[in-house]
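Note that chain A is present in both complexes that follow, paired respectively with chain B and with chain C.
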Partner chain A sequence: MKIIVNGSERETSEGRTLEGLLEERKLDPQRVAVERNGAIVSRERFAATLLEEGDTLEIVHFVGGG
Partner chain B sequence: MDKLTIAGRDFSSRLLVGTGKFASNALMVAAMEGSGCEIVTVALRRVDIDNPQDSMLSHIDTQRYLLLPNTSGARDAEEAVRLARLARAAGCEPWVKLEVTPDPYYLLPDPIETFKAAEILVKDGFTVLPYINADPVLAKRLEEIGTATVMPLGAPIGTNKGLRTRDNIAIIIAQATVPVVVDAGLGAPSHAAEAMEMGADAVLVNTALAVSPDPGRMAAAFKKGVEAGREAYLAGLGTQREKAEASSPLTGFLHS
Partner chain C sequence: MKIWLNEQQTEIADGATLFMVRARFKPKADVTILNGFPLREDHSLDEGDRVVLIRRGERPSPQELEALMASRHTPGVHERVKRAAVGIAGAGGLGSAVAVALARSGVGRLVIADFDVVEPSNLNRQQFFVDQIGVPKVEALRENLARINPYVQVSAFNGRLDSGNIAGVFAGCDVMVEAFDGADQKAMLVETCRIRLPQVPLVAASGLAGYAPSNTVVTRRAGTRFYLVGDGETAARPGEGLMAPRVGIAAHHQANAVLRLLLGEEPG
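After this line comes the complex of A and B, so read on.
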């Protein structure tokens, strides 16, 4: 199924959770914040969040800034 | 040095450090250590999911430093609020350096969008430190709606020009009942000292440290500038005069 991650379309398998996607991408769940379809997903909900066809995800992390 | 208190929280350092533009994480950490700072600003950006980088947070001891996420990149209030909430979701305390800079050339903060975002974020429980032009009326209005500080600019971000807004900053300091943190444009320790001598409560520095070939050493120099300025403010500076006033006694000359 297709989802959109940080503006680009991605293919991912049915039944994948948000936590599963972060693991696959080697992203530490403690170091990112995620919006799914415009709503923030709290860290505690990563494992229980089942991704669906057409989901739009924004995955952000901290970088240097003034 | 006397304590700085922001939103009921005490800090021993009056120098805040930005973490942008350093050539390496090691140099960023050297600047943080050299500065003696306790608050560091960070930004939020999309991760590159095809090429995840080592998180900069793995280099920052978050027990020692309070992370102050900024809303840089936000062009309006809505984007700024969204960034602040994402930063909180990423595990930060609900403190935010609110900046809304729609104009990429001068990066001057939009006062209307900043005010709107501040209202929303204060109601949402954030400790809001808004980055503003040195506008005394705006500073007062923000303070009235509950921002924890005001952060007037000395000069546009990254310009190293110093306190070009000096007279307005003096008015902001005279009127403020929340800490005044002079942010942006401070390029030399003397600029930081000048702001502190005027009675600013703190300063925030990034570019001047990041572009130095020796950020740790420059940060230590800024630390001294901030401390010297604060001590001078507390000690009380003499007033400027037009005519000379002799320092040596005017009596008992050899020829008199």
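After this line comes the complex of A and C, so read on.
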């Protein structure tokens, strides 16, 4: 199925969770902020969030320094 | 007609010029500012113009000082930012510089939060002084901001921010700034603000270490009422330090994004 991640169309498998997608992209869930279809998804909901065809995700991965 | 002279509404004769006003009200003034810009030549005046006359080196009265400090602002900015409150989470390289820029801009209230004390390794990029080593950062920053602009109200929270206290500490803020050091702390603050303070625009930063080219630091919209400053990838790590210029560039991107938001403009 197709989803949109940070503005680009991506193919991902049916039944993929948000947690699974982050793992696939090698992103540490403790260092990301995720918006799904315009709504922020809290960290504790990553594992339970099942991605659906056409989902639009904005994933910001933070790096340290300030 | 009426003009604003040193922020006081003042009646002047129709057709009066800048220098005529100076001759009448402050003949010894050697700085004449019209609508935010200093002029050396005479200029015509219109109803509602803002004229500031300053005599170099003269200590203005407390009533006059605030107006004179804002006289190089773009007209109309001061009244709007004066009413605003901005929350700054973290008083390190980003937060201390954002706070200084916003205090100079005359933002009415700053809420600053940090749990740390000033230490020597902070001084390569943070807006503190050697004699403040050991002082809680929020106290040291409050002191420095008061010396820069005593008309800014500073609320300081000396403690650790977590998902349970963030909404309370920053209640009433019009814009939020994420200015932490650690990536996981940045993510925690962003998640918490966007869930608990969903109406408040948030300006975060990520990717500002080292001395890579300045123009790789950008401001972009990264979600609903969420703006991100930085190159997105240059992490502080062994071999990649944090340097005053680039941290300052990112901090000033953040401060300008805040100013734009307070003035109703899109930052990115």
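Heads up, the rule we're going with is that the second predicted complex is superposed on the first by the 62 of 66 C-alpha atoms of A that agree within 3 Å, B and C clash if a C-alpha of one lies under 4 Å from a C-alpha of the other, contacts with A are read in each partner's own complex, and residues count from 1 in each chain.
Methods note: a contact is a pair of C-beta atoms (placed from the backbone, for glycine too) under 8 Å apart; a residue touches a chain by one contact, two chains touch by 3 or more.
Being a predicted model, the structure only gives us computed values, none of them experimental.
When the shared chain is aligned, chain B and chain C each come close enough to touch A:Glu58. Shared-chain residue A:Lys26: touches chain B; no touch with chain C.
When the two complexes are overlaid on their common chain A, residue A:Gly66 makes contact with chain B and with chain C alike.
Looking at the shared chain after the overlay, A:Met1 reaches neither chain B nor chain C. Partner contacting the larger number of chain A residues, of chain B and chain C: B. In the superposition on chain A, A:Ser42 contacts both chain B and chain C.
Chain A uses residues 28, 30-33, 35, 40, 42-43, 58, 60-66 to touch chain B in one structure and chain C in the other.
Those residues of chain C whose C-beta lies close enough to touch chain A in the complex are 90, 92-95, 179-184, 186-187, 190-191, 194-195, 198, 204-209, 222-224, 226, 228, 232-237, 242, 247. Listed in rising order, the residues of chain A touching chain C in the complex are 28, 30-33, 35, 38, 40, 42-43, 58, 60-66. Put simply, chain B touches chain A in their complex at residues 18-22, 28, 41-47, 49, 52, 55-58, 67, 69-70, 72, 82, 85-87, 89-91, 157-158, 184, 204, 206-207.
Interface residues of chain A, counted against chain B in their complex, comprise 5-7, 25-28, 30-35, 40-43, 58-66.
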